[in-house]
């Protein structure tokens, strides 16, 4: 199998699954419809399945129209778009392990959902704990036993991003943090939450880019697979 | 009584107590010894008592030497330096009300202590709750009933500055927050903590400058006096 | 009574009033109509009254349509939206004490009005002193006696944010400052005003997030209640 | 066993190992000698072993003098200081699994060594791959098979911080990145490397604070233990 | 020939080609249609050819309509707009030498294409190497021999901007880097890529403004001409 | 007379006085003693007088030793160092007009003094109004009549830099503002004051670099000369 | 005459002309039509003339419709809107002195024109020198004799903002600099030009806010009046 | 010959000259004496010559002592340290072509000298044009003919960094710009100059890191060699 498929405007990395364990994923935002369709076609043909992130409703519509025979699903909250070829659709990977996805506020849910659905796509069981921000601490404490069962925790928060510091002190597995651009004024589009997470005095805290739910879901999956002996 | 005493290098605001309820305070850092002594002399003579902040041990020594008859006290942790004339020393104001001063970590204590001693100087009872950061949540929860008794809460924290968001959800009085320059790397000398506090999703949170323990102590005193009907 | 009502997309904190003295408030901006209505319904049922901030005219319209029997009011300047159930409407809390809300310029009025109406909702008398910026100093000095009567002062200013430094030197109660995003060029969306307020050489100055009129109104209310012995 | 030991200036979290799997660690920088000794004494007595980070040579000397009977070790490159009580010294945990610690340049070694020794202290085997920055790509490619054997990879880099992007594309396990303050001019004390890592187009990349080798070592250990079924 | 032609709203520098080797170029973005047409008319008359950058499709349309007899070409990806008078169209400069234009990702192509077409307009042969980012290293390594043949290399990258550091270690000619505004969150509109490139530990790396494909193409041409003995 | 004197390490601009009305001035900070002496010798010989800024006490000593016959004066507060040749010393320019130099605080005096002495050196009468910051407004209002007599006002302030906004509303001549690096925490070495001044809502306000007392003194002199008909 | 006219939403400063020499000016951007009309009506009645800045074409239309009998003029480039009552229209102030307004590029003209028209409104003669940026130095040098005739120079530039440094070395009067938001990428909305101007090594350079043409025109007028003995 | 020599603490890239045309260079700052000596020994043995940058006087002394038989030279201004083995010393490369190194001010000379000596070490003729900043424009214009003879121009400037914009408009070869940390206040350690250079409206301008004279010298050499047909 070739390592790279060159579509002119892009070079698809066909060897990635072998090298890293996960096939190439498509960042849909800003891609022209014709390019997006060509990329999905190539990946569907080679891999039987495609994960697209940050897809607009219109892009989802275009992909659905282009691939009638495939099973195409779109979630408008997370903007996750998946396609499975007819052959692939019936034989989805069985999910294993457990990842806890926590969000501080309601407005953080789109990013949290992107993380959760990425993890599910890559084969992890996911439990969601939304709106457990620390200003109403009992909401988090009521749920902590459930969170502790996971192999990895994802903490999604905007504004002051304080959730990870509290969470980090209460669990024994890595907490992957996603600062969000939720907030106004001095939140500076997520910088405040990002800095909070980087400076957390709790242990076990690492951080991905602002609003990068996909990235956190990916890492949590890597950890979940290691924990489940699936490496 | 004159409104201003002009010492050439500085103009002392003698009317301030009348206008704002609190006499002029001396920011000692960077002041020449001769200037500092002259300021203390004038204020001691007019007011019978002086509060100096950010005083070095050497400055404290110089003031002690210059005013043998006065009662001069220096605390090396908070760098608070106070002087009372002989007449004034025996008749200190009786303290009223209660202010809770909380610090997230051990390294925040100098700033917390500056806040606490400022509040005490201006006539408030103060209770200290140090090292109650949120990464070990039980340390805070064990103390929360004591904190709830105060008329105002001061929260001092560096690094990610998450303490106020948790505190704000647990108390009913104003929380005056002091970000500290404690931390390294992306704490940027207190910016991370400052932004966290400004963006707190809890209510009742307001913020003063980085390391400004004095300012927080002053405001807490204003609130404490209002609460005690001492306006 | 349960501590949390879980609506799936959000967890309403029903215990907040008990813990903090004020019931949960709804930040309307960005919320879906269906979610907003469900939140208002739950809170109206439990508390008899709801305060919404940053509501769009369209959201106000939707709430009015959804709750015919309730008394719904919307102010398009402050974007404050309140609802009271039929039973609650006739028995509003009597207002006590006094809060002074000062704005530096005309363009700061929406934020100042948000602060004022929040304070009124939570039971404080409010007097407004708008357009008293320091470039025309006599406008402020003419009003200072009125401002001095308040238990707490709110200072709202954009651009260079100099109002609090002058105000802080003239009053004896806490000045809660709200930097606004009013300005252009090097005002950087409120950063200039924010930094001015944090660095004020006047005493008694604390700061909330840029454009956070609600937050300042809330804190001023806490202080006002303490001063009126209503804790 | 009590949850907290209150030493006045600090509250030691004795329950942390139970909650998070790892006992409390001491950040030595800036602590007074007397405080440091008291903390080490308490933790040695309760846990039999202590890990201190960012210790100066002088602090190491003081701890050695204070605890003659304990086994105290200090590494001047990483500034890691460990102490084991006489009883504990002979029965160290057997190391398991494998963590790869990579550094881009020679100047990044102190931070990389802090990560490596933290991981070793908490029971992981560690292999070091130093000075494998991407400007001389063959240095990294020659070593990649060895790196691929690890359960987790730590990537330490200053200046432009490009190492993680290349590494992330070549391995299947999480890459925990530590930006360092190595560089000059527009490296801004590590901000350039930090931003590079946060924006990496490779998958599996998460980031800790600038120069926070300890934090990366801790997380890699958590992952290593999960992978080895030691949770 | 006059040095400057003053059109009132602009002063065209007619001496530039003599001083710098390249005639004045038109930055089209934001220019009024009437101004743009007048500038093109003057330059076409004097120089026989015009290069416009950052032209909108509408501007291209206006220029085509205004100059029927000229040969006007527009590329919507790079937004490059060129016009040649009837006399000039048949006698284009023969291209010499070779410039390699590399882009890290698909989204960087518009900027890379601006660089490539600028270089071609000024007389260089150009080879494009698009989507050779370092997260799939083999894509770059497969092409490196082709890149090494160039007299100058242009490296265009957004997000973490790591491509130049790898490229710089593999070639012997100058690498002119163009950070792009491609990315989200902490990419800060190209700042992350810009800082990476400025801090590159590889040699031979210099940087132009974010998204300034034109500038890089210009410099590469200067070098190419020097290498081909065309100075 | 030659336009430039080339000393190898520097090129002295001998034509400057003719072009700009003021002779070249020496920024002493960081200059080697031997270079400083050579520059002073050349300028003394050509102009008969030299103004040096930011001179250390040691540099002043070296210049005094090197030019026994000249009249050398050093002010340790402003770090202004002047030298006049024997012939020149007796025939100083008569001062004209009036410049008001205002400082907000005591700590701003060194910068204010640099401005004042620069203006005096270039031939202006100067009146000093120090420590007239707006937190004690009466101090400024008591002096405003005196300030209004000047042809130009210099306002020197650190921290929140609010003085110019109040001054600008009270006078009819230009206010040249100097932000100072006085402050701590979020003053960011003068950025807060700089931004305040740039965003001032008062008219007639322009700004020079942080701590650039010399620059403000120079501009005020230009205005003073124009006002006195001395152009 | 009253000092302040209180329109409820704004307080008009009627004493300003007496205090500062220039009547209150209206910043139109963002003002509601009804408010704008009321402000113009009041000022027209009291002063006979009004200057409005940053007016939209629609606002200009509304003012024209509201004041048929007045002479209303609008310039769409500078967005300056002026109104003169019938009585006032025939007796405009005779212009005196000379101000030179220089712009670096064509895109800076709107800001330069705002400066120029403000200065003309307040009674100065103005000469415009547009598109004299330093990358084509001869364009500036050809005009320098004309510029030198002015009592004050305004330099308007975006991008790298280098014009003032060259200008400052060639003239003897103050150069008031206006950074503009013209540019892209690392120009950061005018920050680059602002910093250049603040750090200029030329003398006589002071700076106003980004895009603040009005402010520069005002100051230049103050200087022009002083120079013409019109104080 | 091996590609990499692994000294444990560092991996020397012995293949670099083959790949890039220039052998590995040693960044001395911060390296331990023992490490520095070992690196010099290895490179001297393999290459016969070594270039060290940012060497302290003490480091130079240590290298001189360690390699008696080699020819070691140190320049304290540029901090360049070179060593040639006895065999190599007599057969230095003949210099070719020409590079012009321009500095804006005297304080920029250390960085300019680093660029110049790097270029000379790598075989280029260099002419220095120091202190030709644009505030005294004639200094630059007097020298421009000499500068125009070079194959590449290096422009070194701090503060507002305006030199490249003027230079770029006057020459036809690439201008490699080095912003320096020279300046104070809002120069922010070189950021102001860096931004100016990135935003230059002149063509042919590219930029390296702040104070990176070495990097600019290296690139200029690459261009010079291409121009001299030495590739």
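Observations on the structure shown:
Going by the order they are written in, the chains are A, B, C, D, E, F, G and H; count residues from 1 in each one.
As a working rule, contacts are C-beta pairs under 8 Å (C-beta built on N, C-alpha and C of every residue); 3 or more make two chains touch, one makes a residue touch a chain.
Note that the structure is predicted; figures quoted are calculated from it, not measured.
Listed by label, the chains that touch chain F and also chain H are G. Touch-path distance (fewest steps) from chain C to chain E is 2. It takes 90 degrees of rotation, in steps of 5, to superpose the Cα atoms of chain E onto those of chain G. Residue numbering at the chain A/chain C interface overlaps only partly, since under half of the positions present are found in both copies. Chain centres here are Cα means. That of chain C falls 46 Å from that of chain D. Taking each chain's centre as the mean of its C-alpha atoms, chain C lies 59 Å from chain H.
Chain centres here are Cα means. That of chain A falls 52 Å from that of chain G.
With touch defined as above, residues shared between interfaces to two or more other chains in chain B number as follows: 16, 136, 168-170, 185-187, 191, 194, 198-199, 203, 209-210. Pairwise, the chains that make contact are A-B, A-C, A-D, A-E, B-C, B-D, B-F, C-F, C-G, D-E, D-H, E-G, E-H, F-G, F-H, G-H. Here chain H touches chain F in the complex through residues 106-107, 109, 130-132, 136, 138-139, 142, 184-187, going by the rule given at the top.
Here chain H touches chain D in the complex through residues 3-4, 9-11, 13, 15-16, 30-31, 35, 179, 181, 189-191, 194, 209-212, going by the rule given at the top. If you check the complex, the residues on chain D that touch chain E are 104-105, 133-137, 159-162, 165-166, 168-170, 183, 185-188, 191-193, 195-203. Those residues of chain H whose C-beta lies close enough to touch chain E in the complex are 16, 19-22, 25, 151, 168-174, 176, 194, 198-199, 203-210, 215-216, 218-219, 222-223, 226-227, 229, 231.
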